[in-house]
Amino acid sequence: MSSTTGTLYKITTFGESHGPGVGAVVDGCPAGIKIDTHRIQRQLTRRRPGQGKLSTPRNEADEFEILSGVYEGISLGTPIAFFVRNTNAKGNDYMRWADIYRPSHADYTYHIKYGYRTPLGGGRASVRETIGRVAAGELAAQILEQELGIRTVAWVNSIGKVDSPVMDNPPQSIDEVDQVEVRCPHLPSAEAMVKEIEAAKLDGNSVGGTIGVIVYNVPPGLGDPVFDKLEADLSRACLSIPACKGFESGSGFSGTRLRGSEHNDIFEPDSPAPEPGHRPGIEGVPQIHTTTNRSGGIQGGISNGMPITLRLAFKPTATIKKRQDSVNEAGEATTLRAGGRHDPCVLPRAVPIVESVVNLTLMDAYLRQRAARPEWWQRFKKH
Amino acid sequence: MSSTTGTLYKITTFGESHGPGVGAVVDGCPAGIKIDTHRIQRQLTRRRPGQGKLSTPRNEADEFEILSGVYEGISLGTPIAFFVRNTNAKGNDYMRWADIYRPSHADYTYHIKYGYRTPLGGGRASVRETIGRVAAGELAAQILEQELGIRTVAWVNSIGKVDSPVMDNPPQSIDEVDQVEVRCPHLPSAEAMVKEIEAAKLDGNSVGGTIGVIVYNVPPGLGDPVFDKLEADLSRACLSIPACKGFESGSGFSGTRLRGSEHNDIFEPDSPAPEPGHRPGIEGVPQIHTTTNRSGGIQGGISNGMPITLRLAFKPTATIKKRQDSVNEAGEATTLRAGGRHDPCVLPRAVPIVESVVNLTLMDAYLRQRAARPEWWQRFKKH
Amino acid sequence: MSSTTGTLYKITTFGESHGPGVGAVVDGCPAGIKIDTHRIQRQLTRRRPGQGKLSTPRNEADEFEILSGVYEGISLGTPIAFFVRNTNAKGNDYMRWADIYRPSHADYTYHIKYGYRTPLGGGRASVRETIGRVAAGELAAQILEQELGIRTVAWVNSIGKVDSPVMDNPPQSIDEVDQVEVRCPHLPSAEAMVKEIEAAKLDGNSVGGTIGVIVYNVPPGLGDPVFDKLEADLSRACLSIPACKGFESGSGFSGTRLRGSEHNDIFEPDSPAPEPGHRPGIEGVPQIHTTTNRSGGIQGGISNGMPITLRLAFKPTATIKKRQDSVNEAGEATTLRAGGRHDPCVLPRAVPIVESVVNLTLMDAYLRQRAARPEWWQRFKKH
Amino acid sequence: MSSTTGTLYKITTFGESHGPGVGAVVDGCPAGIKIDTHRIQRQLTRRRPGQGKLSTPRNEADEFEILSGVYEGISLGTPIAFFVRNTNAKGNDYMRWADIYRPSHADYTYHIKYGYRTPLGGGRASVRETIGRVAAGELAAQILEQELGIRTVAWVNSIGKVDSPVMDNPPQSIDEVDQVEVRCPHLPSAEAMVKEIEAAKLDGNSVGGTIGVIVYNVPPGLGDPVFDKLEADLSRACLSIPACKGFESGSGFSGTRLRGSEHNDIFEPDSPAPEPGHRPGIEGVPQIHTTTNRSGGIQGGISNGMPITLRLAFKPTATIKKRQDSVNEAGEATTLRAGGRHDPCVLPRAVPIVESVVNLTLMDAYLRQRAARPEWWQRFKKH
């Protein structure tokens, strides 16, 4: 299943960073959806390198073509194929150290897995692979918003040692996040983050950080018991992003330090005043909410109507300009110093990728739930 | 896919905590495997409640029956069904608050998802569901050990605010972990943890904590690019355990605070002295290792031959003996106070569950890799 | 996926003919379904051997137990496990030729596939494996009938060289079929069939035949383009029944001899008089039917509202009482003569099996369609 | 799973007959395979329309581009995307009857399924969709031939009422089949077939027919019990080809008229003279063959080392030039007479499509078997 995921909203990505191009096929997009291609292009543009001084100078427009499944802007119900041609595939930059395993890259693991190695850079391990996911994920976002009102917003929550308080006061929209180049909507933190990135860049070094996510208006009932718990599927989606090494849902690791009485989220009837971001129950099941949200909107693996909150860890980019020790394909000790592109911090570009994989996961859970219980869909769909 | 997972080593679990019983069917276990049923029973016994003063008094032997797929202790290559009858299904204890949604339980989310609710307690959300996974996971563990030498060891790494230094000096075996009742192999920490649990119990309260995991002798090459990255599949497996709210691989969240030059794992040739826990490369690919292991044994989603290291967050048990506010099925504010069983801390019992889901994930990756590249299997299988 | 099938109504079967028992787990049965266990038992009883002089004397009641997923006769939405214990597992009968490969049985292919062989008779190749499918398929039948009015009826259409004209005048109900022991509802044909079976039995021989199927009240819109065409999924389901070697949909092989103008089914508006067995269209799509049904109710892989018609070929049972040449596990030429049970004709017992696999296939298509287009469900569900 | 199939050699097709193009993504092609692109082009050319006077005049070169997964002619182990641009997409021809449901086409069923209809002709129901399968299937054919020696050959076995005796003396190679334009390697039959097609064409009519298939050198052990029986998976693959309405394996329907003693295939030791097209057993399992092949190379759903033989029914093309009654989207009775392209017989073009879907099925079974039992692969792989 390596490059295909999803039960009903199934996505298959293809393409190497330095081959003809990258893309994705979505099988399972319902028919009759009006597709906003500008929003898809916006997410691809938010993801692409070369957006400013903080990013890699690889400058590609990442303009996409739809190869199938759409007629006059409306989905046909058949597979939708997205394709983006590579226009700046400087394979040569990579040739220089083609026989050296770059530290903390996938060079060695790919070589020993496939018994075969090409001078085409990271191949499928490249963050460029995520282009297909971003297109398919934004399509999912549009369906989720049109039919349920769901909105997913991610932001840069920390860079290196610079943390921010955004998790306690999350942004309401993508626009709010994008008002700041580093995509942290808390200005004092953002300024410190920019300094951290610039210092790393000057040093030929890189920095990691964390991404925060909030999903508004998730109706209760998404996710399934046991293996398709919503947290489980979300974590798989997030950990499949290059460089992601950690995942928290709701209170996460810090919640482990609380006692049950401090951690439990207490239910309250909705009336008279339902909370913002909360959805009412289906007929026969009362409309309630919790007074706190340490569960992060998920209980027993199923959404409970409160906003979903996640936090993800991204390691510092493995590519740095400093000279490093390593080993070549002959097994000899050697050193390398990266030329080519150098992105000191991928966090701002990871924001739309994270949104996309979250939306892909929710979309699949939504289709599964309306198969299992169309009465639920009748109650929660937007009119 | 809710109750089925895996591509080639496929497991389906079934059963409610208060119905006739719980079990699992494994489809894809290779033929000819000699099965050690005592080890399966040992893991079930490690998982079961009522093991000591730290656990719930629900006392079930959890003796399993194999319904199919095994003849004279040898696997036939056909589906293996495990079944454990419920012998102590005190549904009545739960009847008392059957119409109240217990805080931070799955009562409300199940009700709104299915439109249907039974007085059978947590049903599939119960940790009792994991019995089938533990049996199937121990079977996987035996195959992984016989064929590749892989050994998975988990332990309690923290309880509430009591942390331990075990992650820096992980245990070598399950036996080492089990020498301490609380399953933390650092005695001073273990003593403080017991006090923490006993204090919570006395208070009618509960505590959470973290579980550490190390996997020894993982050959390089397990896991796949993109959606089946080893970290992605491991995180999904772990987050599908009840109460798990966080996942870290390798340096995890703390690694986000480092610069690339501090975080990268430097490769070194194996000779003259290969590291313990490291496996050599296939023909044509040199035998190397890293001098540090911030990657946690996984690079680009694929194992690199170093030990896999994980850390998981478990929230405090939602069931407490204190009176709590809540809402009933009619939507009216009310209060409840749990009778029935009360497990102040599930962490020690979660240890074998975590080992099982890790082994299930590795087993599936192993079968996928030997399909993709049987030459790899020829090189890494134990003779 | 060997023993698991289905995307949303997923069934996993387990068990050998001579082990502890056989069963199935259904994952994906919607919640709130009232289950008629008597009808499940009826189908199991129709399937079981020892029903009369035409069948094998292996006499097992095949009483089933539900291990999970049902409370007070209502489905919970969680996996439903069915189990039937083997009570008459005469492994010894099989021991006599345990080292000989029986002609046209799976002995040799299983041996070379698994590298391992047990004296447990046919194992998974036994028709006894279908017990789980029959239980799960009857459950599907009940849901399809309750929600859409769909009814599947199969019958014995030919035995050996004795053909019948039933395909032109198919039975309306299972009861109509069961009025005749051989399950062919055309009495003159049935009498000739019984003679054919008795002659074969007297000769220590066996006979094959064909099964006809009609499905009434299938709404238009079930099945998907390309790989999940309804005919494709139905053929896979039918060919997975032991001894099935051929499949036809609608006009099948005989239709290949017609010209397009003779074969095409002409559409007609429904009004004033809609055909029986025809379902009207969704809003905005007119209500039409075809004047003939050479398409067998399926066009472009999708049901068109006309009855689905299928015809299946079953080879003569491989087990005969005559002495046959063969080869043993040492590769030496030898002969064998079967003792043990001997069923000269499995066709009458195959009738409920065929109904079950057809219903399993339709059920999965139904859940997929209501996921893809719940508006369709709103129009076609029974009120 | 509509447009994705396969467990390990997974193919996803996309594209409409009148959109930008059609293609496929193969996920699971092993790394290091040398790909013969000329052979892929040859199969695409054999499949394309406009090959001679017998076929539709739609004349497209069907030149394919590989978008990913291949470097310097060698597979990388990553997804391989094939794409063919539509160059002759005369959507306008179809516009004339855009609001009429063409008889025995998928117009009505697609409309009622999706609630949405476009003037783009048959869309996914078009035989043009099979382009991606042909490319992916030929890639599979090359791997199967390189690694196991397997060769799949299909031919036109009958056209309308003109039958041929080829099934009794099947062709040895694709080249042998292609020596005759109508792809029936028995010249007298071929001549009569051409007359049948020309007569139908002159009449503005169409003809159906049957395709025969033989697969040489299939090692014993491919296919799995229960749901992935080789016949079951082959039938699903074949019935997913447009216009296919019937499937037989081995003796098929005619075998139902035989007694067991006439039908059983008797085993014989291989020595001294193994049969051509037969593969020897693995170590410990003797080398045997059957003296007849009514099983069609498959017993218990698993290949037995004898050639696999299949026969498929294709209905006459639904598009004819004669005026036909029908109904329009408003539900009114009307008539239509097709303009546009008209292919009086698709059988010759279906030959490479059938070969492709058979090879796709065998390839997936091969990868599954080497996962389950790499020792089997060691024995049967070509050195």
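Here the chain labels run A, B, C and D in written order, and each chain numbers its own residues starting at 1.
What we mean here is this: contacts are C-beta pairs under 8 Å (C-beta built on N, C-alpha and C of every residue); 3 or more make two chains touch, one makes a residue touch a chain.
From a predicted model like this one, the values you see are computed outputs, not experimental measurements.
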Using the stated contact rule, I'd like to know whether A-C or C-D comes out ahead in C-beta pair count. C-D
Centroid distance [mean C-alpha coordinates] between chain C and chain A, Å: 45
Give, as an integer number of Å, the spacing between the C-alpha centres of chain C and chain B. 39
With centres defined as the mean C-alpha position, give me the chain C-chain D separation in Å. 25
Got the chain D residues that touch at least 2 other chains? 1-4, 7, 13, 28, 31, 77-78, 113-115, 123-124, 225, 372-373
Classify the chain contact graph as line, ring, star, complete or other. complete
Where on chain A is chain B touching in the complex? 1-5, 7, 13, 101, 103-106, 108-115, 122-125, 129, 158, 160-161, 200, 203, 205-210, 220-221, 223-229, 231-240, 242, 244-253, 255-269, 281-282, 284-288, 290, 294-296, 298-305, 313-320, 322, 324-327, 329-333, 369, 372-373, 375-376
Using the touch rule from the top, collect the residues of chain A that touch chain C in their complex. 7-8, 28, 30-31, 77-78, 225, 367-368, 370-374, 377-378
Contact footprint of chain D on chain A as seen in their complex: 1-4, 10, 12-16, 19-23, 25, 27-28, 31-32, 65-69, 71-72, 74, 76-81, 83, 113-116, 118, 120, 123-124
